[in-house]
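Please go over the structures that come below.
In the two complexes below, chain A is the common chain; its partner is chain B in one and chain C in the other.
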Partner chain A sequence: MITAGVDVGSLSGKAVVLDDNRLVSWGLVPTGPDSAETAKEAMDIALQKGNLSLDRIEFVVSTGYGRVVVPFAQRNVTEISCHAKGANYFFPGARTILDMGGQDCKAIRCDANGKVVNFAMNDKCAAGAGRSMEVMADLLQIPLDEIGPRSLQLDQGEVAVSSTCTVFAKSEVLAHVRQGAPTNDILAGLCAALASRVYGLLRRVGIEPEFVISGGIGKNVGVVTRVEQKVGLEANICFEPQIVGAVGAAIFARDTLVKQKKPAAAR
Partner chain B sequence: MAALEALRSAARDPQPVARAAKVSGRKVLGYRCVFVPEEMMHAAGVTAFPIFGTPEAVSLADSYFQPNLCEFIRNIFDLALKGKLDYLDGLVLCNTCDAVRKLYDHWKSYIKTPFCHMINNPQKQFTEPAYEYQYRELAEFREALERLTGAAVTDDALQRSIKLHNETKSLLRKVYEFRKPDLPLLSGEEALEVVMGTMLLPKEEANAKLAQLIDELGTRGRSPLAPGPRIMITGSIIDNPTLIRMVEESGAMVVADDLCTATRYFWYPVKEDKDPLAALARHCTEKPVCACMHPAEARLEYMMDLVREYRVDGIIYFNLMYCDPFLYEGVLFKKKFEERGIPMIALETEHTPSGLGQLKTRVQAFLEML
Partner chain C sequence: MKANYGYADGSGEYFITIDTDVCDGCGECARVCPSSLFEVAPDDYDQVVARVKEKLTRSVGVLCPGYERCRDKVPDCHAVCRVGAISHSW
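So, the complex of A and B:
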């Protein structure tokens, strides 16, 4: 049974192909202005890598903020449910999931089947999410993937970045730059601010092991380390944290198909 | 469904109702909120007109109120500054939240309606001192109305008004019965507009419409909703059906609502007592329908009654941004409801609903969780 999940996020589009329970392939592309096009691009990459064509896929579930516009999906499920399901796929013991995406942060609690039992999300502002990290990387002229490692190599000591608003945080960071604060120390402050923000979110739903981090910021070692310190648990992070939601969507696709195929009498 | 449509259209545009009241020659007093006794105004022969906001963006009020203050109050003040509430001869407010209290001061300074009155409700309810204080406050209100109209507000008139308004409340309860079946015969969106329309219309007229609506619903046969989880909406004021429609479009059946524009308005009748002022004072100090009031436990019990009566599967708590009383209460109640096995989600909203995408994702995820 071949199914697919497509996750159109605010910053990247992800597609995953699943053969029963086996992860066949995936595609990852930056989100363009046209969400349907982004979904198609990600799907094409996944299909290519899996040596498949779209007509071989029996059921597609879409998720992410662009979930309603994916033209080849038969059903949509929210990214909250999908991240829980996906985290459960990679780590069956997962009970608390932190998804740090482009414009949303979610703290999710789930049961042994990966079903959501509680969740909390950041409010409208994207401060503390992936987009704010991109803004800062751009401001400080640092490649995105260097932020994490450099934030752990302190020069004089972490500077305080207090603000919870991306626009104000940008002014704060600029002020630090002008005062000659070492870049690494500013990066440390940024990662710490983000970690403390998501920790508040996690505490709202309660933290229970095992702990899983998904989403793009799962690749930022500076944030992950600080979140782990606050939570007091080691975070499980799969080899590609950005595809967790798409994997969850593909599993929902498989489950839907199984239900449909069951003869009515057996239901 | 003529009565349903009539009530809904009154809710959508309060202006014609206000103008009609004006033409009748009666004075029109705008009021907020459910702790202001409409019965008293009715008995005094003036029209009690609930002030609602509009989805229109705030502009003029921004010169007076910071954007981090209650958007509902900013919206009302904005309407007043724009002259859109110029049919009001006066304003009656009561002591619930800071925003309402401060609206009074600004209104008095800048809008200058001929009549302004503030009723101080003691916030610690269910106590004798609160009752005694409330009694004196209402007596003062009665005198203020008598000065305004030049005629006495007699106990007889007050008793008749209480009876009339109790009839309205009892009819609304009957309308809400139609939300109880497995597939409700009245949607959440419709229910909100029915109550808002009822609040706006003269009660004699509203009661006739409600009686007709009950007949209409009795023969409706088909539910306007698709099967889904049974949801109760609560939180800050909602005076526009957009959010409730969004919840129902996401696959829920909204079967109950604890809102100023819904159940809070009609759940508790006033005792029909020989001292009508005493009955009103008891009523005001014994209905635990607002997050501004104390103690929280009483309010929780009232909400649990709603949960049981309407067989609620989950609660969506809409917090208007910067609405302090409900922001505090939401956090507390989420825990309390969950301890009682009722899942709840608290969501932050704006009075002028925009960018519903993120909210919709949260609502949909909550429904998937149930």
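So, the complex of A and C:
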């Protein structure tokens, strides 16, 4: 049974093809102005990698911000449920999931089947999410993937960044730069600020091992290390944390299909 | 599932929590809420339950005065919920 999941996020579009329980292929593209087009692009890459065509896919579930506009999806499911399912796929022992995406972060607690037990999401503003890290990388003129490693190599000591709002934090960072604070120390402050923000969300849902981090910020070792320290647990991160939601969507697609086929077989 | 709808910002935490394990989807909360925050719909696991309307989750702190202040205008969402599925963080 071949199914697919498409996760149209605020900054990137992800598509995953699943053959029963086997991850066949996946695609990852930056989100453009047209969410339907982004979904198609991601799906095309996944299909190409898997040497498949869209008509071979029996069921498609969409998720993420743009989930309602994916033209080839038969069902849409919230990203909360998809991340729980996806995390459960990679780490069956997962009970607490932290998804740090482009514009929001979600704390989810799930059961042994990947069903959501408790969740909280902060999508009111993008402060401290992936987008704000991009803004800061741009401001300090360093590549995005260097933020994490450099934030762990302190020069004189962490510089406190108190503003939660990205716009205010940006002026705060600029002030630190003018005062000659080392870039690494500022980065440390930014990563620490993000970690304490998401920790508040995690506390709301309760923390239970095993702990999983998904989403693009899962690639930022500076934030991950600081979240781990606060939580007191080591984080499980799969080889590509950005596709976890799409994998969950593909599993929802498979489960929906199984449910649909069951009554037909019983007749 | 305990579904927390809302957000935390500089001014505080604004979450309305609905316990979908006890919610029977009767819709009384949706009927009495002065700000029409609630709706009853199937969730991702095909269970018909109350939820905060998706478009309103980012403004619950403004649209809802908080349980303590709304209580005077009975019936409020807590009072009409027979199973006690709804709680507020503020």
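As a convention for this text, the second predicted complex is superposed on the first by the 262 of 267 C-alpha atoms of A that agree within 3 Å, B and C clash if a C-alpha of one lies under 4 Å from a C-alpha of the other, contacts with A are read in each partner's own complex, and residues count from 1 in each chain.
FYI, a contact is a pair of C-beta atoms (placed from the backbone, for glycine too) under 8 Å apart; a residue touches a chain by one contact, two chains touch by 3 or more.
If you're wondering where the values come from, they're calculated on a predicted model, not measured in any experiment.
Participant: Which term applies to chain B and chain C once both are placed on chain A by superposition, clash or fit?
Facilitator: They clash: once the shared chain is superposed, the two partners overlap in space.
Participant: Residues of chain A touched by chain B versus by chain C: which partner has the larger set?
Facilitator: After superposing on chain A, more of chain A is contacted by C.
Participant: Would you sort A:123 into first (chain B), second (chain C), both or neither based on which partner it touches?
Facilitator: So A:123 meets both chain B and chain C here.
Participant: Look at A:182 in the shared chain and tell me whether it touches chain B only, chain C only, both, or neither; answer first, second, both or neither.
Facilitator: Once the two structures are laid over each other on A, A:182 reaches no partner at all.
Participant: Which partner does A:65 reach: the first (chain B), the second (chain C), both, or neither?
Facilitator: A:65 contacts chain B only, not chain C.
Participant: Using the touch definition from the top, say if A:81 reaches chain B (first), chain C (second), both or neither.
Facilitator: In the superposition, A:81 touches chain B and chain C alike.
Participant: Applying the touch criterion given at the start, work out whether A:201 contacts chain B, chain C, both or neither, answering first, second, both or neither.
Facilitator: Touch partner of A:201: chain C, not chain B.
Participant: Following superposition on chain A, which residues of chain A contact chain B and also contact chain C?
Facilitator: 77-78, 80-81, 115-119, 121, 123-124
Participant: Note which residues of chain C are touching chain A in the complex, please.
Facilitator: Residues in contact with chain A: 1-4, 7-10, 13, 15, 43-45, 57-58.
Participant: Under the definition above, what is the set of chain B residues touching chain A in their complex?
Facilitator: Listed in rising order, the residues of chain B that touch chain A are 338, 343, 348, 355, 357-358, 361-362, 364-366, 368-369.
Participant: Report the residues of chain A in contact with chain B in the complex, numbered from low to high.
Facilitator: Interface residues on the chain A side: 65, 77-81, 104, 115-119, 121, 123-124.
Participant: Show me the residue ranges of chain A that touch chain C in the complex, using the header's touch definition.
Facilitator: It is residues 77-78, 80-81, 115-125, 164-165, 200-201, 204-205, 252 of chain A that touch chain C.
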